[in-house]
Amino acid sequence: MADPSAPAPGPAGPPDPAIRMDWQRRARTGIPEAVFCEGKTPDHIRAILTQARDRQARLFLTRLTAPAHDALAGDFALDYCPLSRTAVFGGWPQAELRSDQVALVSAGTSDMPVVEEARRALAFHGIAAPVFADIGVAGLWRLMDAAEELARFRVLIAVAGMEGALFSALAGLVPGVVIAVPSPVGYGVSAGGQAALTAALASCAPGVLAVNIGNGFGAAAAACKIIG
Amino acid sequence: MADPSAPAPGPAGPPDPAIRMDWQRRARTGIPEAVFCEGKTPDHIRAILTQARDRQARLFLTRLTAPAHDALAGDFALDYCPLSRTAVFGGWPQAELRSDQVALVSAGTSDMPVVEEARRALAFHGIAAPVFADIGVAGLWRLMDAAEELARFRVLIAVAGMEGALFSALAGLVPGVVIAVPSPVGYGVSAGGQAALTAALASCAPGVLAVNIGNGFGAAAAACKIIG
Amino acid sequence: MADPSAPAPGPAGPPDPAIRMDWQRRARTGIPEAVFCEGKTPDHIRAILTQARDRQARLFLTRLTAPAHDALAGDFALDYCPLSRTAVFGGWPQAELRSDQVALVSAGTSDMPVVEEARRALAFHGIAAPVFADIGVAGLWRLMDAAEELARFRVLIAVAGMEGALFSALAGLVPGVVIAVPSPVGYGVSAGGQAALTAALASCAPGVLAVNIGNGFGAAAAACKIIG
Amino acid sequence: MADPSAPAPGPAGPPDPAIRMDWQRRARTGIPEAVFCEGKTPDHIRAILTQARDRQARLFLTRLTAPAHDALAGDFALDYCPLSRTAVFGGWPQAELRSDQVALVSAGTSDMPVVEEARRALAFHGIAAPVFADIGVAGLWRLMDAAEELARFRVLIAVAGMEGALFSALAGLVPGVVIAVPSPVGYGVSAGGQAALTAALASCAPGVLAVNIGNGFGAAAAACKIIG
Amino acid sequence: MADPSAPAPGPAGPPDPAIRMDWQRRARTGIPEAVFCEGKTPDHIRAILTQARDRQARLFLTRLTAPAHDALAGDFALDYCPLSRTAVFGGWPQAELRSDQVALVSAGTSDMPVVEEARRALAFHGIAAPVFADIGVAGLWRLMDAAEELARFRVLIAVAGMEGALFSALAGLVPGVVIAVPSPVGYGVSAGGQAALTAALASCAPGVLAVNIGNGFGAAAAACKIIG
Amino acid sequence: MADPSAPAPGPAGPPDPAIRMDWQRRARTGIPEAVFCEGKTPDHIRAILTQARDRQARLFLTRLTAPAHDALAGDFALDYCPLSRTAVFGGWPQAELRSDQVALVSAGTSDMPVVEEARRALAFHGIAAPVFADIGVAGLWRLMDAAEELARFRVLIAVAGMEGALFSALAGLVPGVVIAVPSPVGYGVSAGGQAALTAALASCAPGVLAVNIGNGFGAAAAACKIIG
Amino acid sequence: MADPSAPAPGPAGPPDPAIRMDWQRRARTGIPEAVFCEGKTPDHIRAILTQARDRQARLFLTRLTAPAHDALAGDFALDYCPLSRTAVFGGWPQAELRSDQVALVSAGTSDMPVVEEARRALAFHGIAAPVFADIGVAGLWRLMDAAEELARFRVLIAVAGMEGALFSALAGLVPGVVIAVPSPVGYGVSAGGQAALTAALASCAPGVLAVNIGNGFGAAAAACKIIG
Amino acid sequence: MADPSAPAPGPAGPPDPAIRMDWQRRARTGIPEAVFCEGKTPDHIRAILTQARDRQARLFLTRLTAPAHDALAGDFALDYCPLSRTAVFGGWPQAELRSDQVALVSAGTSDMPVVEEARRALAFHGIAAPVFADIGVAGLWRLMDAAEELARFRVLIAVAGMEGALFSALAGLVPGVVIAVPSPVGYGVSAGGQAALTAALASCAPGVLAVNIGNGFGAAAAACKIIG
């Protein structure tokens, strides 16, 4: 705990609160804590990575900008992906990845940053997930062609922006659990992904589950919990 | 024109502005003026119908509540439909209706009030439109089964609430013009039809055209213009 | 299919489109179609129930108002629950219900209509789920006391209105999958459940999955898919 | 299809999903697929253009930034317009353009980026459309002067930002189909084009059809379908 | 002032704070205080009217429901207008009304409740204003026909719902001050008058001034100040 | 705890979860739990009141509708106030109320329901608060006249709807803590109290503290905590 | 008119629509057309200025960025103000400015860009307006001190951001017409000026008139019309 | 006062209104005026600092960007904190800081800019506040571990972004006054801090008080008032 009984930080200097990572989260919930880097300074992230190194813990980092990565790359071995702005510290799992459980489905190529955040987060947790890209409903034959194969997976993480019609069409075709990840792809009324999010929540196909816009990591975490 | 040079309406009495119907609209735009009854008192509507009777004009009325209809039914021969809250004054077209040009497609039975507003407006303008009901994307086979037949129409008026995924799926399958009518069916994030409207506007299928939520009449008017 | 090649519905009469239920949905997706009654007239629902009776199919109905139920109760044996506005046609499952898989957790007593929609939908699909009511975070001891027991379930359906803090607190404590159902309980900024929905989506606890506000049925359908 | 049965992408490397263009869309819907470049990396676009070159297909690209164009211009012959951020690959139609069918009407000079996206998309599909610029309703004489000429076109694509009053005024004057394209011109309450979009949808003139804010391409696609 | 030093209101009884009318407002601002009745009980209004009677003051009441009026009508002589839900206490001005200064222009008959609130408020303040009704832009000839006459007024109070295009069209034609009153007429995106309000604020015609949705009284008050 | 290990509630019957009141809340936080009645059935409230009677506990109830009160009044002695929809069970405090610490200030008479909820909640907790009603900024002299007296209180609970300008004006005049309670008084853009809430949060006077719209109880609870 | 009968613009080149300025607007409405520069390229503005030079017309330009100004400054004599992003072409009025009619009142120094847009627009139209700056309600004495002097003006243009309480306080004190200009000053809920706009529209002081956020030019135009 | 009777500012030059600081605010309200630097030019701030220097007054500045600070640092001795964008002019209090009254609690490291604004503002007013960082509810043990210590403070300023569940959990555990400061940390539905703000206002724990998003200074000002 940041020692609040210590002398109060002087008025002129910034405080240096101890980082309080929830290292026990995996034991409680099955999912280890990840580092959401938005709003953190490189010094904040450096302190977290140092704790991880001291504990020999692996960490998954999201929303890590390229400049922040550059500021850290000299001191920490990070596997960084600029497309998804994710990084892995401490290496990938050493055991072979489980597969045939989770698939990633995307509506268009513009959704790849979110797809990749989810795919890497799954891999970090030991799960290999194939990507079925570019399956938007404007050309339904693409979804129809893939339907039989998609029906074999227990969990389908679907990523779509714009109007997000993919979520409903997919959920009506397959028995697996559909996790909808709205993607911030679009303009005008769909700028920022709000339209796709609404489509996921209002789906006429029962059982569609939604996460926040662009939250590929959250979808991956839920998928891990579902397949146990 | 309400004669503004006449003595100003007395302070204690309501004004009686002359109704100023745009009887020339059909000549200019091809679509005659209709009567939007929301916010009008039965007396307002009565004055309009009286003008129509005097001119031997036919009129289409929308958003006519059952009580308002009851207040008028004694004096005017109205063909009233409570489901769509529309009424026809002056009778249906006497010539045979054109068909094979416009089809109506709906996602679910709850959308029927809007479907019926559009279908009756089309009939008022001389166009018979078959209804393909209950074609929501949660069971895509329904849309696939109908696709070949739907591909024959020049205009498809699609009515859907909730997430409105029907609009994109349909527009990717057929060459006809797709007019999307969001329906105020749903709850939570889709209450009021806003989610379906957004889906229509953000569609990944190019060329989807949208009208206001529940505006079956507007969709019918546009369809009339399109088929000429 | 509503036979669109039949004579077009006459201009003056309401159409009678054939109901097009998706009876095959269970085979495809594991979840049978349910009947969303909002916006449907009693005649619409009657037509659907008649089809079900003819097929000897069981049906789950949501958003069935008491007056609509009353209009149908004479002709169909419905197990109706006015609190959740759900009804079961064709009886409950005859096999013993599975239990120990899914739990229901609610923040307050006002959330019970949504809880009950989910509980009955689960039971309709053969799953018994105990209810842990009144576990809001304003008295965290309630959640802490129940944490060990809640940690045994594979799926936790959490129902909360107002600020929806329960979702994050619960998801940080247990390994099961947390499905958040925002409840339309609250006033001012939380009127209608939007605040709780946002809390579910923005949760700092990874892996929280959200459904639409008040969508107890959707949460139950997803839970069924998760436990297989 | 991106071969999902191939070895799963390694945890440390970005996936390389095959691009899955819907080359058959023109056959189905009359409108070939276009490339929405927002959110795509230059490498994504390069892969798509390579497919097009291999098939000797022409392509229309929207939302292509100048830097992305610069990255591609060395390898592909693109006719790029920085004002509308559109590009044409594979050349313009060789047959003479059809004209006298579609007109473009804009409220102000600030709307020209959207006008130009529509005009170029029409030309790509073989339709020449004259531009009636600067016809905002603040000076109604401009619209009145043009009304007779505008009345000759079958389709009028109207582009307006701010309050979008042009849509209603135009639709009340001419018999052609009016497609309203809200333009992201304005500030305060009209920032981003939302006010103009609302005006298009809420128009008191029946039959106005709307597309998403700034969606000149979509309006052009719909116009192509309408004139057949 | 409600005497706060008096014994505090007992816990079990409702407080009875003295009504604190701003009887001096006319002297300061030229406009006497009016009574906004929404949210006030009949007892609250009764107390205010009693004060007015004691001071021999005239009062204008807005948003007075018919039941509230009925509860008061026995004790106070109110000139009540159910269409606009306004009432006048203490009689109309005895001097002849000024005219030729302010005109009321409305887009449609559904706007008459708001028009009438403004017209009666003007009359209460001694100003007669003619009503030019049904001048919506869907039939621009109506506005053009009236333009010359409208150009004679110093202030034009324009009332419109739906997309509110009237405000811009009118302001581009006449030299008078245009006060836009959005009217809660419309449905879907224009429900509640928000679309018309946005149109007033985003108008491309410079100098349009807006008041709150349905605020006919406020527009009248501003007009009184403008003409002095 | 609702005994979840007991036999699961049968599929056909409503569950009867034990009410789980947080009777220890006062010990922890200084403020006893209150009963938010919205969304609770009379049976739910009855169960809570029975627990309270058994424990000889006093309870404060908010958002209790008159019909719900009527259903309970025969069995429980409730001091009910229809204006504020609050009730007290178990009687008021027996000790004399503290005064001179908290004042209530309201902008208009329409705000009295919220004022009264706060006043009664304060009295329930042993605090007498005088009411300074009708102090809206449209007549600043009212606020100026009261300023000296208001400056004596440690806490000022200010209740205002519409544009909520009272909050800033008051906070700039007095040294006491200002708690702003937005009131759902207004129409158009201020319907529901959102405008007043925004004003409280955006106040240019530093230190204004806000609670939810209409949350008189919450303001009273905070005031109790502040004065200790 | 942009000659639409001329050869259609070639597919590969940008169109060059003739600029269609509304040079007659002053004659019709008393306010000459101004140039809204946002969204216009320097070439667009250049074309407009060239027309103005040819006609020896003066022009007022708003939202002119510094880079756009720099691109034009070599060819046109512009009196540019970077704070308000306005420019005057063709010089200021040669006659002495009218004064004592319009005053500008601002809540804080951050509002000066909007104040200055209004002040310069007034001066362009021949009106000198003194500025009463920094009169926010957090220190009401500032407003009180100025009240007597402010009461002498016929029109008061009030500029405020954040919660916009100044509008109501001012309007309750003076007999002049109050035009409220919301300023995009603030953060969180008041970011962009929306909160201040709402305050202007929802004001409890009757007769406050609002323009769009940041629309100092519009307020000036209205003030010119009011004082004739 | 900016002397409005002086010659009106010339049309071509920017005005130079006198800065009108509210130096008496501390005497009236206990909290001295601070300088909100957003939207002010360095020259504006320079003028304010010069006044302060002349009066030998201390000042707290918020939202001071680094470039603005750099422009001023040569002339004024400012203690600047780039993380919180705050600066102190005139030095910190010379007396020893009061402590043990106010604590700062934050959900995550990304909230530190807001925490630091509050901490420095408290120190400027003579109050030392320890920081309990990283106490988000996803790992409730962190809050539980600190609960006993937190229960000793009279005021707790809680800073959280995303879903803001910390506010309710904390307020249910401690007797101190909880001031919730939403932090603009998050993405998608929680971008900008709106979700956390809603959570603060809708909290199920009574007595939570909210300030605007990111308003650490306002929370500090209120805390000062509360502890007197």
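Going by the order they are written in, the chains are A, B, C, D, E, F, G and H; count residues from 1 in each one.
The definition used in the following text is that a residue touches a chain if its C-beta (ideal position, glycine included) is under 8 Å from a C-beta of that chain, and two chains touch if they have at least 3 such contacts.
Computed from a predicted structure; not experimentally measured.
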Can you list every chain in contact with both chain B and chain H?
A, C
Please identify which chain has its centre, taken as the mean of its CA atoms, farthest from the centre of chain F.
D
Interface copy of B-D among F-H, A-B or G-H, judged by whether over half of the contact pairs recur:
F-H
Dist(centroid_CA(chain B), centroid_CA(chain C)) in Å evaluates to 33
Distance-wise, how many Å sit between the C-alpha centres of chain E and chain G, to the nearest whole number?
28
Using mean CA coordinates as chain centres, what's the gap between chain C and chain H in Å?
44
Using the touch definition from the top, which residues of chain F touch two or more other chains?
22, 25, 108, 138-139, 171-173, 186, 188-190, 197, 201-202, 205-206, 212, 215
Which two-chain combinations qualify as touching?
A-B, A-C, A-D, A-H, B-C, B-D, B-E, C-F, C-H, D-E, D-G, E-F, E-G, F-G, F-H, G-H
Within the complex, chain D is touched by chain E residues 107-108, 136-140, 144, 162-165, 167-169, 171-173, 186, 188-190, 194-196, 198-206
Mind listing the chain B positions that touch chain D in their complex?
22, 25, 28-31, 34, 154, 171-177, 179, 197, 201-202, 205-212, 215, 217-218, 221-222, 224-226, 228
Residue ranges of chain F in contact with chain E within the complex
79, 81, 83, 88, 92-93, 97, 99, 103, 106, 108-113, 115-116, 119-120, 123-124, 128-135, 138-139, 141-142, 145-146, 149, 161, 185-191
Can you list the residues on chain H that touch chain G in the complex?
1-2, 4-6, 8-9, 11-12, 14-15, 17-22, 24-25, 33, 36, 38-41, 44, 48, 63, 182, 184, 192-194, 197, 212-215
